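Single-structure report; data block below.
In this document, chain identifiers A, B, C and D correspond to the written order of the chains, with residue numbering beginning at 1 in each.
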Amino acid sequence: MALSTRLVSPLRPALAALRRAAPGQRRGLSTQPGPVHTLNLRGIFPPLTTPFSATQEVDYARLEGNLCGYASIPFRGLVVLGSNGEYPYLSLRERLELVSCVRRALPRDRLLLAGSGCESTQATIELTVSMAEAGADVALVVTPCYYRGAMTSAALVQHYTEVADASPIPVVLYSVPANTGLDLPLEAVLTLAQHPNILGIKDSGGDITRMGLMVHKTRQEDFQVLAGSAGFLLASYALGASGGVCALANVLGAALCQLDGLCREGRWQEARDLQHRLIEPNLAVTRRFGIPGLKKAMEWFGYYGGPCRAPLAPLSSPQVEELRGIFSANGWL
Amino acid sequence: MALSTRLVSPLRPALAALRRAAPGQRRGLSTQPGPVHTLNLRGIFPPLTTPFSATQEVDYARLEGNLCGYASIPFRGLVVLGSNGEYPYLSLRERLELVSCVRRALPRDRLLLAGSGCESTQATIELTVSMAEAGADVALVVTPCYYRGAMTSAALVQHYTEVADASPIPVVLYSVPANTGLDLPLEAVLTLAQHPNILGIKDSGGDITRMGLMVHKTRQEDFQVLAGSAGFLLASYALGASGGVCALANVLGAALCQLDGLCREGRWQEARDLQHRLIEPNLAVTRRFGIPGLKKAMEWFGYYGGPCRAPLAPLSSPQVEELRGIFSANGWL
Amino acid sequence: MALSTRLVSPLRPALAALRRAAPGQRRGLSTQPGPVHTLNLRGIFPPLTTPFSATQEVDYARLEGNLCGYASIPFRGLVVLGSNGEYPYLSLRERLELVSCVRRALPRDRLLLAGSGCESTQATIELTVSMAEAGADVALVVTPCYYRGAMTSAALVQHYTEVADASPIPVVLYSVPANTGLDLPLEAVLTLAQHPNILGIKDSGGDITRMGLMVHKTRQEDFQVLAGSAGFLLASYALGASGGVCALANVLGAALCQLDGLCREGRWQEARDLQHRLIEPNLAVTRRFGIPGLKKAMEWFGYYGGPCRAPLAPLSSPQVEELRGIFSANGWL
Amino acid sequence: MALSTRLVSPLRPALAALRRAAPGQRRGLSTQPGPVHTLNLRGIFPPLTTPFSATQEVDYARLEGNLCGYASIPFRGLVVLGSNGEYPYLSLRERLELVSCVRRALPRDRLLLAGSGCESTQATIELTVSMAEAGADVALVVTPCYYRGAMTSAALVQHYTEVADASPIPVVLYSVPANTGLDLPLEAVLTLAQHPNILGIKDSGGDITRMGLMVHKTRQEDFQVLAGSAGFLLASYALGASGGVCALANVLGAALCQLDGLCREGRWQEARDLQHRLIEPNLAVTRRFGIPGLKKAMEWFGYYGGPCRAPLAPLSSPQVEELRGIFSANGWL
């Protein structure tokens, strides 16, 4: 197809090579007929950071090292190419290689969600298809946002419908207003929840009233709501969310899985105490210090953090001290 | 005192009259020495609407009628002159008469919180003192906001400290960014939580992460956090809030007290189901249709709503239909 | 009238006294029949700061001193009780006394604009009437804003129409989103421009496209647009504005009148050079340091500034230095 | 170079082909040593829309047709791949082909500005170099924005400095908060204005005070400020801007060049009348109806508009009527 050739053709050889290197490793999900909604998203998903070497190349060995560290934590799965993965700084080729690499390293029972959102509908479709081919179980599709003034509810419904129609794997909506300046409107979410290939939403906005309403209004739809940050994880669970995609899981994954468990078992008082100790560290590695802070904190817990790509700047020494102090004050260091 | 004379003097005769009309009815709280923090705020507080007659006069008979209806609901207390009370549309004299009227009608075991925030520190102090004299148990002090660019954390700490120092009754901070365009900064809240005469905060912003952090960081302070809206009541309780000041309690007070009870008993699944059914009605009587919608809905549940003062406009017929549909769809009508 | 009695009655004796003290001094404008639109607003109006003594009383002697200093500057008139007058910190009685005081001191050929906007329509009407009685030529009516979510274009048109209908003096609309969080919608302005008793608008938002459009769309209406800040004065004139109400005129009144003159004479290159030197000082006494900065700067130019009422905080020494540096760097000190 | 290979390598063959197809046509600017600041940007630049065929392919014939139509209008130059060019919807290959195509069609005396901003510093450098090779005279570099919380003034100064250091052609900064949610901070602009390879800024924010301040504070730097929209073109010129990059120039190019001329000749009254008639059409093809509206309006004036790529949706019939009415009411149809 002409359109497809236009964008993806430079990537096809690379993709073919990747596929050859990983025979039989792709999940059958994308080619299976039948109800896709059997896929449950209950649990914690770290949105992986992307490790770079000192020369700012993707460092796949470091990535595998981190995955090895995460193997003992009962995550439901992983997210590759979320906002914390610096995906806007990665070429399309790098994005596909990352997904392939993680797919190879990931046990069968862990879900692989891969970010595939682009600004145009066509590019999003093409990247989603490529992600499925590279081994993703689910496509996480961020709202297009550059022309936010034109991104009406109707335009976004149309966009996601076309993507979900064309995608060989289930789609999870992704609303992250801190990055996009755009909240996927509730009415659009409710309409899209009825699409058989749309599985749920990752909502990073933090409006707990909205999250409760999404759970309530989609109760007939088997639609799964994921909290997009650790700061409101317990609250989201209390309102009926299925799980969480939390930057902090790169650092304190076991604690987040423990919080997930306490909530599921109804041990809310213990959950609250744990949640309280997670809020400040979470703010520190998200709003306060961003990805450079997240990567720095990872290093204190045995993972590789490393540099970010420019223009994301490394923390200053006082900032590192402040970050460390926040983890200490809450009993994590 | 000169400053006091300046502003309040026209009100003093009226106040004296009110006091004569209600001998011995004021709670001893404001004049008792000793720890003020014994006052607990656990439970639901409706922020009363102010009933107006057809000629836009305050209708005290209607107010007493509503109070009579609320008497059978296990509210912890009432708020007079919150945002839903149209306080910016009331003269100082009307404000004091309202508090006196409610004080007379309210049983001893119900707390009376009265809004006393003004733009200047001095006027806030004077009105707070007058509110105490008129029988309020607690002063609810909204952030000054007209010069929001100058309302730094330091300026707000200074303002509230002076008010709390001067107030004969405990103070509850009040942050309502939808009206004021200003979020009382977390650091200011944490500093003010250490003041012996500051009891807690009503936070209507809805940022559940912030609410959790306020509970966590003031755990040494016996500081009480009140959810400022019914939409995030369960989530606030899950994070450790003490109670809620919820516009919707004017309409569905019993249901909100039931939700309060379920949360306290740890029956979170039932609480969730109830919370879900309250979100849309709550949005309808707050963000969507405002006080005119709140007053209209009150009428369907046996209370007097009546008109608002201009420029708040009555609902159109289609809006009334939509509002009614929202209460019906959630099983309340 | 019952409504009037409700709010204003405590003020009536004071007002009567003021009128006795200033016999024959009120302009005939408010009681004259005939076309009100003859009143032109071409030129510069300083929005007076309100001088306070060390004990925070209004200092009328200082006010008269400042007026004396301004007498030699060719202002078109003065504004009392604008945002820079700290009107939200003044009692109603103080507001009326201020207007009366300025009226007595002001030559016949200078216009007196007085802020009279309140949150409710009824209170705004009553204060507007009182301002006319106290000698104001024009009422400057800020948008009500506490219930900004309900302040639709329709509600604001209704509000201003009722006020203008009832006002004995012409009305100027006042939109100041930095304080109110609300932009008077363009469509409301265009509707209100047709009211015979609405003379124009003071727009402090700084959106020059909107200002041009207001001039263009009201060209049949004899509607006058006033720039609400010195930073965009030249640009506003270039688009057809009539004049400016500029905080900086309290400090650099002669320079602003000179800029006004250069623009009227079409000497745009000289005007530009002058405008350039005014931008930073203007930002410094508005957005950056607010009224405390404005009052401080007034003192360097021979006027009385003095303290603000709390919670507006005085500048720190480094802030004073920075402020002074900005005036120096632009050649004013 | 490894980094370069990573991203651009798939494009190199295409680029080589383009160069072969257009021998000797690239301007010498990029390879000439010496002062780059001789390049003046005085005048109007239409930010070209990108014509698509019915199958959403770039339609180069239509593009050349439009260029042919623009040849008789005294534009200073053209912008390719600005926001109105739907650049986020174009592959890197398409972007380079577009620049090459326009370069071939454009007379020697017209400047070609090409958008080359990406999210990462490295990708921006690579695309800027490629743009220079494809024939651009100037690189227009939009602020990276996805991680806007981390895009501090320091980070942006670092980003632009690296890009300008590496670029073989002069750089123009590009701040467009309506799309990016980010205003390039004034202090960053002032620092970057000192870089020998940074020529100026296209500012689409519309804050005329800021534009005046940029002109004033860079008066030693030979830094050129371009108005980013037709709505505030006259005001920008009055404050000292050099020219304008205006979406509306795709439609009413001659009128905008006339406005440019009137301002330069000091005929401000005529300029004002013309400016007034341009504001509403400009708002209609930008904020109100966006690129679909711009393309529709182009068709009424003899140019090819055509469809946008999804998710930008075509106008409905009532919207087309409204758009047409706006051009009619202002005397353009």
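Couple of notes before you dig in:
Assume a contact is a pair of C-beta atoms (placed from the backbone, for glycine too) under 8 Å apart; a residue touches a chain by one contact, two chains touch by 3 or more.
Predicted model, so just to flag it, every value in this text is computed and none were measured.
Within the contact network of the assembly, the step distance from chain A to chain C comes to 2. Taking the mean of the C-alpha atoms as each chain's centre, chain A and chain D sit 34 Å apart. Chain B and chain D have CA centres that are 52 Å apart.
Chain C and chain D, compared by their mean Cα positions, are separated by 40 Å.
Within chain C, contacts with two or more other chains are made by no residue at all. Taken together, the touching pairs link the chains into one ring where each has two partners. Those residues of chain A lying in contact with chain D across their complex are 2-3, 6-7, 10-11, 55-57, 83, 88-89, 91, 93-94, 119-123, 144, 146-152, 154-156, 158-159, 162, 178-181, 287, 290-292, 309-313.
Taken in their complex, chain A has these residues touching chain B: 206-209, 212-213, 215-216, 229, 231-232, 234-235, 238-240, 266, 268-269, 272, 275-277, 279-280, 282-283.
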